[in-house]
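The two complexes that follow have subunit A in common; it is paired with subunit B in the first and with subunit C in the second.
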Partner chain A sequence: MDLIYNNIKINAAGTLPDQSAKRKTKDHLFLTLVIFFSAITISLVLLIIGTLVMKGYHQINWAFFTQIAPDTFQAMMAKISGKVIPGGIANGITGSVYLVFLSSVIAIPFGLLIGIFLYENGNKRYAGFIRDITDVLQGIPSIVIGIIIYLWVVVHITHSYSILAGSVSLAIMMLPLIIRSTEESLKMVPDTLKEAAIALGTPYYKVILRVLIPTSFSGLITGILLAISRVLGETAPLMLTTLGNPVINWDVTKPVSAVPLLVWQFYNDPNMVDLIWSSTLFLMGFVLLLNLTSKWIASKQQN
Partner chain B sequence: MNSDKVLKSVLFTASLLILLISGGMVYSLFRGSMLSFHHFGWNFLISSHWDPTQGKEQYGALPFIAGTIFTSVLALIMAIPMAFSTSLFVAEYFHKTRLASVVNTLVDLLAGIPSIIYGLWGFYILRPFIVEIGLNPQGYGIFTSSLILAIMIIPYATSLSNTTIMMVPNELKEAAYSLGATRLEVIWNVILPNARSGIMASYILAFGRALGETMAVTMLIGNANIIPTSLFSTGNTMASVIANQFGEAGGLQLSALIEIGLLLFLITTIVNAIGKFIIKKIV
Partner chain C sequence: MNEFNSTISSPILSIENLCIAYEQGKLAVKEVTATVEKNSITAIMGPSGCGKTTLLRAINRMYDLYPNITTKGQIKLFNESIYDMSTIKLRRKIGMVFQRPNPFPTLSIYDNVLAGFKLNGIHLKRSERDEIVETSLHDVTLWNEVKDSLHKKGTFLSGGQQQRLCVARALAFKPDIILLDEPTSALDPVATSKIEDLLVNLKKQYTIILVTHNMTQAARISDNSMFMYLGELIEYEKTKTIFTNPKDSRTEGYLTGKFG
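Moving on, here comes the complex of A and B:
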């Protein structure tokens, strides 16, 4: 008598001669495919990072960090006479630092406060609504945020492309990331700690400042660093809000350059091609360093 | 007691900022598109003429809507084999090994690389390669942009998939193994049915990412205001046309670009909402 189970025929002797071999082959084949496609993914990562390192490292020197970007004419002359293009990306670096600093000043306090609010009001309807809106905010394409800040700040407040506009657009991109990471890391604080403080009669703001924030500190820092690394490389919203500037500028109502904007500018100017790879390498190195640091802090916290 | 009340109202006031920002965004996008909407009405969505010439200005968003959907769908199709394999590699086959955590970290790095770097890499490395193997004489276009988009969205497609695959209870898998199932059969008959909705959600969210990507696509798609007709035709997406033309635009053209921004906002929000809705159902 033959048994039929799951389309697999088992004969009276209980052996599965042909089917078993077939199933094993299929199993091996699938594993090979999985390894093959994973290998492709990994080699793509290594290829992208490798290309940037190989092509970019020789232009990086002291002048690269201290001098401002050359204009097309200087670059062209250097190219004709076969020399290395003079200048660096100092105007981009200072601009990026300024933009990230100002956007952090705006986004971090609000991000923490709203994160705490969501944590405190956990399952309430209004908090759930705010949480959903925060998710929507996080999903908005960066270019759309650029349009909106152009309409708000460039048109109505500074009347020109400006550092302020760029910072606000980056701050809006950071805000949802910080809010959600704050809420998540506060949730990890054991309730007993909080209850112990409350039982001692501590006012609630002190519970937050002395218990909740110190306990979840590394989580909060991770979220903030990750948010900064996200916006550091943003180009699209800056194109619509700060535009770029050939010199170093510290005035918040005036345009400023940033490293990604310089990369974009070099890309569009055939004379500047040699500067592309070094600035790209610098940008990627910085972003990935922040990214890895934050993940490292997060993994230390878990252990 | 008093300080608690102050704290509560401070936190509540801060939460209003989120409402203010999002409400303000929707309002500004609608207001900015009014001029264009008055001129073209619903025709804006189905017209494929985009002509900024002074005096006979004519704007329609269809080429960009088509370009956006075409590139994103193609990107998702190309990303799925890689993302799915990597998920199984990390969360099932080599779960809890050192190799898996290295692979996972590397894939996560992909999410950290800025969009403009993908654009440059695509322009200088991928484009010449595509020309060389004879796929396309200029190397620009839908296919090249989709390929780069596919690489960019892999980490978004894997991270949530990994979590849901890991969440499948061991008892279920062990039960299947004890019945003599092979690994493939366990993946197909136990893991997939259990993790299906989480994997779906992560692919939908990755798709949402692809819709809004700007810089990389702008640098690779060839910037032609036409409806793409083939895999290798040039085109423009909603995001790339804004990036290309916003700086020089004024008046009606500016309003038309803002209306495209509004459409992009609505489409990505709907796609993301569907993804989040599925996630909420699992948890």
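Moving on, here comes the complex of A and C:
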């Protein structure tokens, strides 16, 4: 197929209909490759979950959730007599819950407000600067955050490893995620809704509070849930800020345990190695639950 | 046009030498002067980009939201300058309906009608709320279609019903003027004719200013028509006169389909 442009012939043959057999083969080959790689990825996920379930489910019972971690002596006795290791990870679960709760209390208001600020002033010069800083914050290695918070909170504020220090470090990790998702969710609200509210005589701050935020609510919640599920499994910063605690602790200035910290603890103790499977399974299950919840909320909004 | 303006027997809105600029030096609306008659339907028509929507949005000061748009000149509602009023008071006297129906998706039909009150935190008794909703929905002939599903979200209605809901929402404050920006351009012909009948009925109680891309719509329902071109108000006359005997050649060119 030739095109004539000012007396120049340009060959624009490309793939013509009569090459359809070759194209069909290419299509099939591509489809096969896509299916192949997807299958590998899916099997990996299934293998991980499967391994955890197989190795960990027999440790999960009521005691798992209500009793604190055994010490190494109890574990050794149980192993010798062939019994199931006693205790559970209650101190880790309560610690994780407290840490994540407190870090959310710190991170969510800042994240939402900064997100709203970026949405409103998105095209000014300093907005780009703030976004760049947010990206840098997100890229800081978690152990670096741990060290800094060790200095600022553990040494100077609580004078001890503490829940407060752990929460602050987790909050710093949650912040960039919440800021970004807030700004993106607000951007998805059509301008026509803002204009409709303005035309009804609504002052602008009320437009934000009563139209923009409720309309983008599911996007905001999804961002928060994803930020939470991210920090639930963080271990490095917690090692430097909350250290761990053999018993349940509710004092914000004292150290506390957390599920990932317990996993590390169990891994390092030859008597308690078997416990790592159930605690990892729990962690995995909880994170999965949060992810599925945020997907469900997102789909509800679509309808 | 000044002759026509002086023939308006009961003026409600007067626009005096209005200029609107998007950027430095680029005027979207140039020196528009017009007086709108009370209880009439005034159509603003013209080809794309002529400034008709820009003019409409200046009347309820939508441009306060966009600091890079500047206006010069005067607009008076019942002889009071709209720039002297608070925007909240102004927008209760002048309501607006947009091109694409935009009911609030998180609110029910009932709450959508009351949105003006709810968003402003105005507290009403249950009986007052019911009264406002029923009257407004009756006025837009939507009551019988939705009276059994008032608690459902507004987005479940058809396009035409959603647009009538938006009109009801604008009527809830009993404004003096209703501004409509091409309200039927996104609707099918059946829904369009329902809205047109509705507007003809509403003019007994309200004054209607309607931007339309469709000159036959202007011919069907409006009392007075403005023709705008490249930001200028070329001709403003009774609709019958402007369609049968346009004074300006540009008006004639637009109406006979030579351009636009």
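Here is the rule we use: the second predicted complex is superposed on the first by the 259 of 303 C-alpha atoms of A that agree within 3 Å, B and C clash if a C-alpha of one lies under 4 Å from a C-alpha of the other, contacts with A are read in each partner's own complex, and residues count from 1 in each chain.
Assume a contact is a pair of C-beta atoms (placed from the backbone, for glycine too) under 8 Å apart; a residue touches a chain by one contact, two chains touch by 3 or more.
The shown structure was predicted, so the numbers you read here are calculated from the model rather than taken from an experiment.
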Touched partner set for A:286, first subunit B, second subunit C, both or neither: neither
If touched residues of subunit A are counted for subunit B and for subunit C, the larger one: B
Contacts of A:140 with subunit B and subunit C, given as first, second, both or neither: first
First, second, both or neither for A:64, with subunit B first and subunit C second: neither
Contacts of A:211 with subunit B and subunit C, given as first, second, both or neither: second
Touched partner set for A:203, first subunit B, second subunit C, both or neither: both
Contacts of A:190 with subunit B and subunit C, given as first, second, both or neither: second
Doubly contacted residues of subunit A, that is, touched by subunit B and again by subunit C: 203-204
Subunit C contact footprint on subunit A (complex, rising order): 190, 192-193, 195-204, 206-207, 210-211, 214-215, 217
Complex contact set, residues of subunit B against subunit A: 3-4, 6-7, 10-12, 14-15, 17-19, 21-22, 24-25, 28-29, 32, 81-86, 88-89, 93, 103, 105-110, 112-121, 123-125, 151, 154, 182-185, 187, 208, 211-215, 219, 239, 242-243, 246-247, 257-258, 261, 264-265, 268-269, 272-273, 276
Subunit A - residues contacting subunit B, complex: 23-24, 26-27, 30-31, 33-38, 40-42, 44-49, 51-52, 110, 113-114, 116-118, 120, 126-127, 130, 132-137, 139-144, 146-148, 150-152, 172, 175, 179, 203-205, 208, 229-230, 232-236, 239-240, 243, 260, 263-264, 267, 276, 280, 283-284, 287-288, 291-292, 295
In the complex with subunit A, residue positions of subunit C that touch it: 60, 62, 65, 87-92, 95-96, 98, 100, 102, 104-106, 115-116, 118-121, 166, 169-170, 173
